[in-house]
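Here chain A shows up in two complexes: once beside chain B, once beside chain C.
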Partner chain A sequence: MGNVINITKKELKSYFISPIAYVIATVFLIITGYMYWKNVMAFNAACFRAASLPEALKRLNVNRDIFISNFRSIIVTIMYMMPIITMRIFSEEKKNKTMELLMTSPVTVPEVVFGKFLASFILYAGIIGTTLYMPLFISTVQFTMGDLYWTPILVGYLGVLMLGSVFLAIGIFASSLTENQIVAAVISFGFILMFTLIDAAAAQVQGLLRVILSKLSLVAHSRSFFNGVIDSRDVIYYLSFMALALFLTFRVVESKRWTQ
Partner chain B sequence: MIEVKGLTKIFGDITAVNDISFKVKKGEVLGFLGPNGAGKTTTMRMLTCFSPATSGTATIGGYDIFDDFFEIKKILGYLPESPPLYLELTAREYLDYVSKLKGVAKSRRKSALDMVIDRCGLEKVIDRVLGNLSKGYRQRVGLAQALINDPEVIILDEPTSGLDPKQIIEIRELIKSLAGERTVILSTHILPEVTHVCQKIIVINEGNIIAEDTYEQLSARLKEANNTTLIVREPTVDLLDKISSVSGALSVTHDFDGNVKTIRVESATDIDLREELAKLVVASGSGLLELKHEAMSLEDVFLKLITKEDRTEN
Partner chain C sequence: MEKISKILALIGVLIVVVGFVLNDILIDFTAYFNILMVLGVSTFVFFILCNFNILKVFSKKKTTRYGATSVLGTLIFVSILIVINMIAHYRWTKIDFTRESRHSLPSTTVNILENLQNDVTITSFLSKGTEFQKKMSVFINKFSEYTDKITIVHVDPNVDTIMVRKYNIPFQTIVFESGDRSYRIELDISTEVKKEDTIAKVRNIHSLITNAVNRVSKAKKKKVYFLAGHGENSLYDKTGAGASNIINHLTKMNYVVDSVSLLKGKKVLDDCDVLVILNPKKPFLKEELAILDDYIVRNGKMAIFVDTDTHYDIIKFLDKYGLHVNTDIIIDKTIALQKGDYTTPLITKEGYNQKHNITKGFRESIFLLGARSIAFTKEFQPWQKYVYLAKTQRYPVSWAETNVMDLKNAVLDQGVDIPGPVQVAGIFTYDAALAKGDRQVTPEGDEDVSQIALFGDSDFITNRRFNYSGNATLFSNTINFLAREMDLISVETPAAIGSTIILSETDKALLNYFSIYIFPTIVFITGIVVWLRRRNL
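Moving on to the complex of A and B:
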């Protein structure tokens, strides 16, 4: 565990020495901030329209009408950001020949992979954490149709973190394949997009195939989290997807030694 | 300390290292000598357990490179061909990270760091970012990295490449000072290097060990030949035959293309053919322009070993 923490610390240091962390956080906050503003304004407009109709006003819901679409805009943004966070993780080690140092030190490959994963996860969680200003701000407002519920918000964040972890694991796997960071980013983006668009593909087919394809969709599994429901199927799906990607990374790193 | 048996590495159709075996005693400094692409780096990578061997085995300090690689990594210091530096970190941050990676106990980390700063002469640059350092300093930080866990076995892949002459001397002194208590393997394609620091030399070419000895014996064995080069204006038809028949001439090669016509005569070390050859060429009327005697330099020894191998192969 000491090795994992050591590697995690070093990786985090590298993130914050380079401009990557700051640039990603800034762009992320600008984009999600804008989407949040749009969502709040849309809710505001809906409230105005419903002001004269108590029945319609009752049907509005702060959690659902602002935050479900807000979570969606967060995950659309991270889809584009994740490959940038992870692309350097193994590619840079190979390019700088520091892989040789890691592999000749008394640390195991799983420790290296997990340490790096943990570092990218902490960075990611930190970036996501900055969006907590959104519910905090809304929670200070009194609504006639009922205040904000925190539990579904936190469950939604759990979903964002889990989905993001899968994206990170995919990105780390892609990074282990090549020493070119751009190639790594494109590969991970391709994987992420594929497992997102699989939803649309499922709609095109019938029967068993449709069921299988729709169950494979990464984004589809986040829906119940955003509705405030922790479904064990989704949790297991994400955890196993993450474990698979990290396991494949471990195998790739291990097997690359044979060609050195 | 190190025992290598039939180590082989094959990449696709290329045999990078072919069935090499050797032993290194504790406290010895072994020099791996060979041209670029001879298999030096591949051999070192196998010994450091970075790259698994295709066949054969090796033990380091009694540990097997396949079964106990984790134990080997603990007693090993390794400087790869290009120093494995994280260019965004400072030298201090980097060495601190490596000492943790190598499992240096917390209580000993500070003294280990001070020791390598002192030994590798890093006082001036310790708080500078590695990416801004010159090649020589990067190499020194690389070396510091290999020494920080006070390893029993140190493997250095071209430790002096990129250094200026003064630094080269310092690094050689450093390596010499390691001998005795630690076992060192270093590779180089620069000959004087091995003569200065190594007790034992292994010459490797195209993946095969072609000589294994101390430097003195190696050069003594190879200095069996003396070269005399003649330049003539216009060789007569029977000149080459006449020279070949001189007693003591081991081989005669010539190059009569172009304006400068040269003949090279090889003889045993203890025979000096200069006088006899001069007489012969003058008498033949070929017009002697130049006569030169060449003792064998280290470079010749090295080249000879390598070309000898080629000749037997062809």
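Moving on to the complex of A and C:
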């Protein structure tokens, strides 16, 4: 575990001494901040329109109408962000010829892979954490009916973190395949896009293939979280996908030991 | 020879690929496909035979052995993950963290689904592509998540005309089938509705689907008989004063509904699960009352609805068991009818007995008309139990007025009239075996006891008022309770809880500047500062 922590620290340092983390966080905040502002304004307008209609007012819900849309915006943004965070993880080591050094140091391959994953996850969680000002702001404004219910929002954040972790694991795997960072980012984005749009492909086929494809969709498994529901099937699917991507990374990195 | 075998192997690959492509494109290509496959495989075999030594050396290489181990390890790992996910698919749990559990089926529905005894197929015929169809499909699919006895089939009636013809049904229908029983719900969605209305509409259909599943899955139908022959509100009278709506309502809930005359003899109530007496206005014969007594002794279940014009015979019959219908009329100052009096008592959620299964969690109001107050007047014996179901509002809003001649100017006469809240519905339990000394204690459950649900009004379930607010639900809850169909009681989805905000101009400006400009800029400047400082170290 000590080795994992050391690798994590080293990776985190490398993120924060370069401008990458800050640039990513800034762009992410501008995009999600703009989408959030639009959602809140639209909801506020809807509340005004429904003010004289008690039945219509009952159908408006801060949790559903602002935050589910917000989580979707965050997901779309991180789809593009994740490959940039992860593209350098192994590619840079290979390019700088530090991979050999890492492989001969007294750390195991799983420790290297998990340490790097943990560092990228901490960075990602930190970036996502900056969006907590959104529900905090809503909790301070004046409610004409009801109030903000925090639990489904926290469950939604759990979903964002789990889905993002899968994207990270895919990105790390893509980075282990090549020493070119751009190629790694493109491969990573391709995988993420494929497993995001797979349910659209499922709609085009019939039978068992349809069922299998629809179950593989990464985004489909996030819907329950965004609705404030934790479904054990979604949790296990995300953990399995993450484990598979990290296992494949481990296999690819380890293969360097006996292919050279 | 080795060179030829390599060329042949490449041709073999090409043959196999072409074979698969042509087989996918051409019809009746199976025979040729098999020939091409045999040809392709033969070239591989030929290649292996000619290059056996090379393959032998290759297989002994370190990289081949490590590679094979790696591939095998990966396959085993993937297999383990697939197995875990398959187990998770069948053994799952779900926690709904929304305040009103809006993404879960109510516990009553889950209870019905988990206890299903027969397989049920739900076939939905909904035109694809509409918001309603999408939401409805997701909603129907939830029913199969709790049991493997439900199979869901979604049919697009615009495409699958064979199925439409087979079932001979209109579009936007859901068909429920179990064995030789079937039931269908026709949905009224002729006009396209807004997204939020769609969600509300789908949620409203929930109880219909639950009842339909329950209906087709049960082999035995319970019988509800309505007493006839004494001027009761008729089941077959379709006017506003009739009670024909009840037939549709109970039939949909899988009951057999019929009217019964006690003149047909003693055995007429042998197969009756619930006897309903709807405001009899004419006298009873002694023999008829004896049959009713006998029915009670045999643990019969009755629902009796009385009114201001109910014949005294049935009032006297109830009195014998301690159930007293007062000679009064309930005044409620909340609502004044055109006549200008206040004889339409409104029962609100505060008036229901929240401890009894019939009215537990009941929120809808009911409107009565010219109702009488009721009470249990005898000293309680161990074989008797009485609880109220519904009360009116408190005095001075409501009271039971004995001077029925001048209702427009009615005021409470202390000591004569009964101040609100007054009881308008109650349920009486009578253990005949305990009363006779055949047993020492009343057993658990209500199977072996007699029950009488008494209502001081019958107008609220006439056709004119049956569908008002919670009138129909209170009636069906009572019948379901007496018929021991507890899982049909009150399967309402919890109402959505709204939450709305109002932003001041300051809020709007603050949100705009902070979320789009200030916060991202702070993060960016921090980054630049850290980066520059690190670079200068």
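Assume the second predicted complex is superposed on the first by the 259 of 260 C-alpha atoms of A that agree within 3 Å, B and C clash if a C-alpha of one lies under 4 Å from a C-alpha of the other, contacts with A are read in each partner's own complex, and residues count from 1 in each chain.
Quick note on the criterion: a residue touches a chain if its C-beta (ideal position, glycine included) is under 8 Å from a C-beta of that chain, and two chains touch if they have at least 3 such contacts.
These figures come from a predicted structure and were not determined experimentally.
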Chain A as common anchor, with chain B and chain C clashing or fitting: fit
Which of chain B and chain C A:Leu102 touches, first, second, both or neither: first
Once both complexes are placed on the shared chain, angle at chain A toward chain B and chain C, C-alpha, multiple of 10 degrees: 150
Which superposed partner A:Ser73 touches (first chain B, second chain C, both, neither): neither
Touched partner set for A:Leu248, first chain B, second chain C, both or neither: second
Which of chain B and chain C A:Trp258 touches, first, second, both or neither: both
Partner chain(s) touched by A:Thr196 [first = chain B, second = chain C, both, neither]: neither
Superposed model, chain A: greater residue contact from chain B or chain C: C
First (chain B), second (chain C), both or neither touched by A:Ile17: both
First, second, both or neither for A:Asn180, with chain B first and chain C second: neither
Partner chain in contact with A:Asn6 - chain B first, chain C second, else both or neither: first
Minimum Cα separation, chain C to chain B, after superposition on A (Å): 5
Residues on chain A lying within both footprints (that of chain B and that of chain C): 17-18, 258-259
For the chain A and chain B complex, residues of the former touching the latter: 2-3, 6-7, 10, 13-14, 17-18, 96-108, 257-260
Complex interface listing, chain C residues touching chain A: 62-63, 66-67, 70, 73-74, 77-78, 81, 84-85, 88-89, 92-99, 103-104, 196-197, 199-200, 495-504, 507-508, 511-512, 514-516, 519-521, 523-524, 526-528, 530-531, 534
Chain A contact footprint on chain B (complex, rising order): 11, 45, 48-52, 70, 73-74, 76, 78, 80-89, 93, 97-98, 100-103, 145
In the complex with chain C, residue positions of chain A that touch it: 16-19, 21-23, 25-27, 29-30, 33-34, 36-37, 40-41, 43-44, 47-48, 50, 56-63, 130, 133-134, 137-138, 141-149, 151-152, 154-155, 215, 224, 227-233, 236-237, 240, 243-244, 247-248, 251, 254-255, 258-259
